[in-house]
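Once you scroll down, you'll see the structures, which are given as structure tokens.
One chain, chain A, links the two complexes that follow: it is found with chain B in the first and with chain C in the second.
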Partner chain A sequence: MDLVSILAESTRSAFGPIAAIYALAAIGLNLHFGYTGLLNFGQVGFMLVGAYGVGISVELFGLPLLVGFGVGLACAFLLALLLGIPTLRLRADYLAITTIAAAEVLRLVYRAGFAEPLTGGVYGLQNLSDGFRSINPFDPGERYGWGALAYNGNHMWVLVVTWGLVAVMCGLVWMLMHSPWGRVIKGIREDEEAVRSLGKNVFAYKMQILVLGGLVGALAGCMLAVYQASIQPDQFKPQVTFFLWVILLLGGAGRVFGPVLGAMAFWFLMNFTDGVLRGLGSMGLLPFLDGPDYGAIQLAFVGLLLVLLIVFRPQGLIGDRKEMLINVK
Partner chain B sequence: MRTRLATVLLALITAILVIPGPAATADEQGGESLYGQILDPQDRDQGVEGIMITIHSGEDEIAAVETGPDGNWEAELPGPGTYRVVVDQESIPSEFALRESSIVVDGESEVEVAAGDERPLILALEEAGASEDADSTETPSDGADAQDGGADAPADDESIAAPTTSGSFGDRFAQLTASGLLYGLVIAISAIGLSLIFGTTKMINFAHGDMVTFGAMIALLFSTGSAGLGNSLLAIFLGLAGAVLLGAFFDGRIARMPLLIAQWAAIMLGIALATVLGLMGDSVGWQVPLWAAAVIAVAMGAVLGAGMEQYVWRPLRHRNVALIQMFIVSIGVALVLRHVILVLFGAGRSRYAGYQIQDTVSLGPISMPPRDLVVMGVAIVVLVAVACLLQFTRIGKAMRAVSDNRDLAESSGINVDRVTLYVWGLGGGLASLGGVLYGLNQIVEYEMGFRLLLLMFAAVILGGLGTAYGAMVGGLAVGLVAMLSTLWFPTQMMQAWALALMILMLLVRPQGLLGRRERVG
Partner chain C sequence: MSSDEMGSSAGVEVDRMAGAVPEPGSVKSDPILVADRVRRSFGGLTAVDVRRLEVQRGTITALIGPNGAGKSTLFNLLTGFDRVDQGDWTFQGSKINGKPGHKVARAGMVRTFQLTKALTRMSVLDNMLLGAQDQFGERMAGAFLRSVWGRQERANTVRALELLERFKLIDKREDMAGSLSGGQRKLLEMARALMTDPAMIMLDEPMAGVNPALVQSLLGHITSLRDEGKTVLFVEHDMDVIMGISDWIVVLAQGQVIAEGTPSDIRSNKQVIDAYLGAQDVDEAGSADE
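What follows is the complex of A and B.
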């Protein structure tokens, strides 16, 4: 087991496109949970409609990529309205149940046999990134970066665009949360009744933030489709949402850079544990386990991390403990 | 703390920059390859073995591969470029044929591979002589080198089996009503615990679905012969049961310290026994019929529920962890439970042996195998028994009282912690039973409970969060709606209809059918 190369590989993934995409999706979740206290357990649903917006427009109808992004975002907008209208007037737990169920049902419907002409069923869609790669300023055959932190041209292009989007979104979140609108949003998290008694329309504010966070999530889905060049419904299992929760709580909810830091730390940890498990396995130290079990152990580890974070450090790496003592009203 | 963190990070980054790149990133350089999986069109969980695939560049053949037992194939490529993939038609079993599409013509496909791409190419089979007009639906799955990290199961058909009967509309209606009733009863049994737990602790237990899986898996384990694993699990749960029972009966009656010592002694004894039994392995193998295995599963499910309450939820409540945080913890617990089950029992899909093929019994327009009748009978008896327990016994009344108003119940002298413990035990046992019944009717696999969880949520919201009878009514309604929807709509939409029903209920009557009218927003 080569610990140094495992560390190098983990660090590379912490800056890689996947981490950037998860950071983007977690920024959306941060808007929901970190700033407003909305329990969205179905962020992956927004990613799914975003990715399939791109996929269906580009592969089936041959539309330009930007139109695909537009379609994906429009779908996310609709989904947020559909989820929000029945549940946002109710207690937080209703939104939690509805979002987790809606995201899973969306996945089942997109992979179903009758949807195959449109979504490709279990096989998904392919050839999605030609438009994106054609405007790639980097040379696909070339490698960019330093030392272990090098990516090929195509990945570098996704990387730059996605981290760029993350930076833009961080700026946007910072500005929003330092505006009067943002203060109302944070007020809703602290005490919904108090905000309501000041004459604010809490439902409208919650709806706006649900839509906004959903759009950011959908953008992450679009980038995922572009990065992978192909999508498949089973990538959008509920555990993606749980990863996003770990990322958010690890980094620190209610902080602009929380999701970014969380995504990097999370993917570092994931690749590190994976490398160590595989290394131990190849040295014969894990006699009871075989290959597929490593993934399962990792996911169990994610669950454990979630529990331990909440119990012992709810504010994550850079959060404020007092801000995280939110309760359901 | 923060400066130390920054130092470590800086050190790490410098180390990374100094390491020569190619050694660490060997997987990416020149890593062009093509891969895919060929699946049996009749059963998408089965791969087709022994299909020959050759890859040509120009006129040269550069690689020849054969699909493995699970249908997987992978070919390394010398570099980026355009390749021609040719599937040897002779090697495809005669009952299948390669599906034609825009990219696969006459068993050949042109693919372009960019630098560093690991490109998927899914070649789909269809039954020989099937319609030629299948659209261009075969498309690669999965992305470049997605660092997913997850245990991705192969594509499987996740829909719930609905009976496919022919005949007049009336016959199908009657048949589907019967199976909807069956399905609803299973949902109701599993959902009672969820609703009662919500009622007593105001917490949504996202791990409830995995408690259902646990029950089904345990029953499967003991009915197919349990070797070391079964004995060890049994021993651990015996120890846990001892600790929980000690806590339930002596908490507050004897001093705290001896109680704690006795509890930990019980657990340690269980673990020690488990180790011994595990080392003895298959030499103490035994096997029981399914009904006895189900009883063991229910008992272990109850212990699991009560143990979680005692060692996870109660300490958290005493730490004053907020409810939102408790939801997140329960999701974490669900992830741990599901994947421990996955590691212990594997990702395979199985059924209870001996109950698969049965002659159906006809009752008027409805025909069912006897096992389904037994499932319905057991479910109805258990539901009535639970209703009696809640209505007439002391502990049942206490459960309803705590569920109704925790503070008021506590101030009138009910030991709320003890009642909550019983509720978790009852909920865990019922969830296990639900899992066994569900497994009898459908397939046992590690994600079955999570899929049922969504329907349980629909059921408890429909009936009213926190009410036990509401969960029963809601479960039946959800089961009927889900099954009857297949009369007009595809089976994969079943869960979508249950969810639609839930959303409709939230719009018109958020407190649910049997919920008390109160402000829930």
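What follows is the complex of A and C.
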């Protein structure tokens, strides 16, 4: 087992495009849960409508990529309104139930036979990144970076743009949360009745944040479509949402850089545990496991690491332990 | 219904109430809040059925009654925190029934809660600043224009610190509200409510769970609010407290106003004594207890 190359590969994925895309989606979730306390268990639904906004506009209608992004974001806006209007006046659990169901319904509808002319059904959509690659300042034939931390030109371009978006969103979140608007939002997380009694329209604030976080999630979906150049409905399963939750809790909810660090740590751990398991397997130390079993064991392994994290560092990597220990209400 | 004749003793109280008749639904000379036929039932149980209630401007009015009398429900209805079945009420002359809680607060009627709602993971100062009204920076787009809201924020901070000074919380301004004691949280909640600059402040059991030493200081704060011209309506259980500071007392039982009057009127009102201590009549005592 070559531990050095496993470490190198894990580090490479921690900075790679997928980590950046998940960081972006987790920033949206952080707006929902970390700052406002909204239980969104369907963030993947926002990613899905974002990705398909790009996919359908670009592949089916041959529209420019930027229009595709616009369509994806518009769909996310509508989705947030549809989810929020009936549920945000109710107790927090209703949003949780509605979002998890809506995200799964969306996936099933997008993959259904009747939607095939538009969405490509189970086959999804292909050839989505030509527009993006045509403005690629990097040479696709070359590798950029140092040693193991090198990416080919196309991936480098996605990586730079996505991490750039992550940086912009972090700045945006920081500005919002250090404003009186952010104070109201955090007040809602603590006790929305109290905030209402001080003359704030709690419903409107929750709606704004649901839309905003959803748009950020959709942006992540758009970048996923661009990165992969193709999308299939089945990559938007509920587990993506739960990966995002893990990322958020791992990094630290309610912190600007929590989702970013969380995404990097998460993809590092995923690849590291995978590499170690496969390494042990190839040395013949895991005779009871077959190739496909590694995935299952690896997820359990990551789960164990997370349990340890919650026990020993409940506030996440950069959370404030003092804040965690204050008993809410 | 009415027991004593008007114009009893105690010069100050009579002055503020301008000789209102001590009977349920009594008409006040300068009412800030007027409620008419307010009704709320939960299933078959009628929790509140108030025919008429007027609250005199610039007074401390207490709302008392046995457990389950509907005091908190009435509070929630009047402040827009619960939906009413029927009824109209006006505040400072304009209709506010059917308005949601935040609009009632903006109209100048602010409330506190029986179970104190300090925003625990925010600093005491942030709790206070949340009370300030019409903040440009509280709009989503406005949040990005620090140069615009900065000035307002500084003015609000000055006002918040003044209030914290007055409520003796100034040393705690940077602490998390969750680290305050129960009594300090009550003080913070009251100070935060004042930050909205209300005309009327509704206190839901302000003394509940507060140690006796702090009760005196809370009472002092409540009387000083009235002396500044604000109207106070509060729910309370402790009879000594109520008798000591109220200008007017409204007694609720089984959702209805059964008596109104100055403390001395109420003290001698037979119906009130029955409602509180249980009437000789077995039937009435049983139902007043629910």
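Everything below uses one rule, namely that the second predicted complex is superposed on the first by the 308 of 329 C-alpha atoms of A that agree within 3 Å, B and C clash if a C-alpha of one lies under 4 Å from a C-alpha of the other, contacts with A are read in each partner's own complex, and residues count from 1 in each chain.
The rule we apply is simple: a contact is a pair of C-beta atoms (placed from the backbone, for glycine too) under 8 Å apart; a residue touches a chain by one contact, two chains touch by 3 or more.
Here the structure is a predicted model, which means the values were calculated and not measured.
Once chain A is used to superpose the two complexes, chain B occupies space next to chain C without a clash.
With both structures placed on the common chain, the touch criterion links A:Y227 to chain B but leaves chain C unconnected.
Shared-chain residue A:V122: touches chain B; no touch with chain C. After overlaying the two complexes on the shared chain, residue contacts for A:L198 are found with chain C alone; chain B is out of touch.
The wider contact with chain A, measured as residues touched, comes from B rather than the other of chain B and chain C. Contact with neither chain B nor chain C is seen for A:V166 once the two complexes are overlaid on the shared chain. Once the two complexes are laid over each other on the shared chain, residue contacts for A:V256 go to neither chain B nor chain C.
Superposition on chain A places chain B within reach of chain C only down to 7 Å, the least C-alpha distance between them. The intersection of chain A residues touching chain B with those touching chain C, taken from the two complexes, comprises 326-328. The part of chain A that touches chain C in the complex is made up of residues 175-176, 179-184, 186-187, 189-191, 193-202, 208, 212, 322-323, 326-329. Of all residues in chain C, those touching chain A in their complex are 79, 81, 100-103, 105-106, 110-113, 117-122, 126, 129-131, 133, 135-140, 142-144, 146, 149, 153, 176, 178-179, 189, 192-193, 195-196. Across the complex, chain A meets chain B through its residues 4-5, 7-9, 11-13, 16, 18, 37, 39, 41, 59, 85-87, 89-94, 96-98, 100-102, 104-105, 108-109, 111-117, 120-126, 133, 140-141, 143, 145-150, 152-155, 224, 227-232, 234-235, 237-239, 242, 245, 249, 267, 270-271, 274, 289, 292-293, 295-300, 302-307, 310-311, 314, 317, 324-328.
Residue ranges of chain B in contact with chain A, taken from their complex: 5, 12-13, 15-21, 23-25, 28-29, 44, 80, 114-116, 120, 122, 124, 135, 137-144, 146-153, 155, 158-159, 202, 204, 206, 316, 319, 321-325, 327-329, 331-340, 342-343, 347, 450-451, 454, 457-458, 461, 465, 490, 492-493, 495-496, 499, 502-503, 506-507, 510, 520-521.
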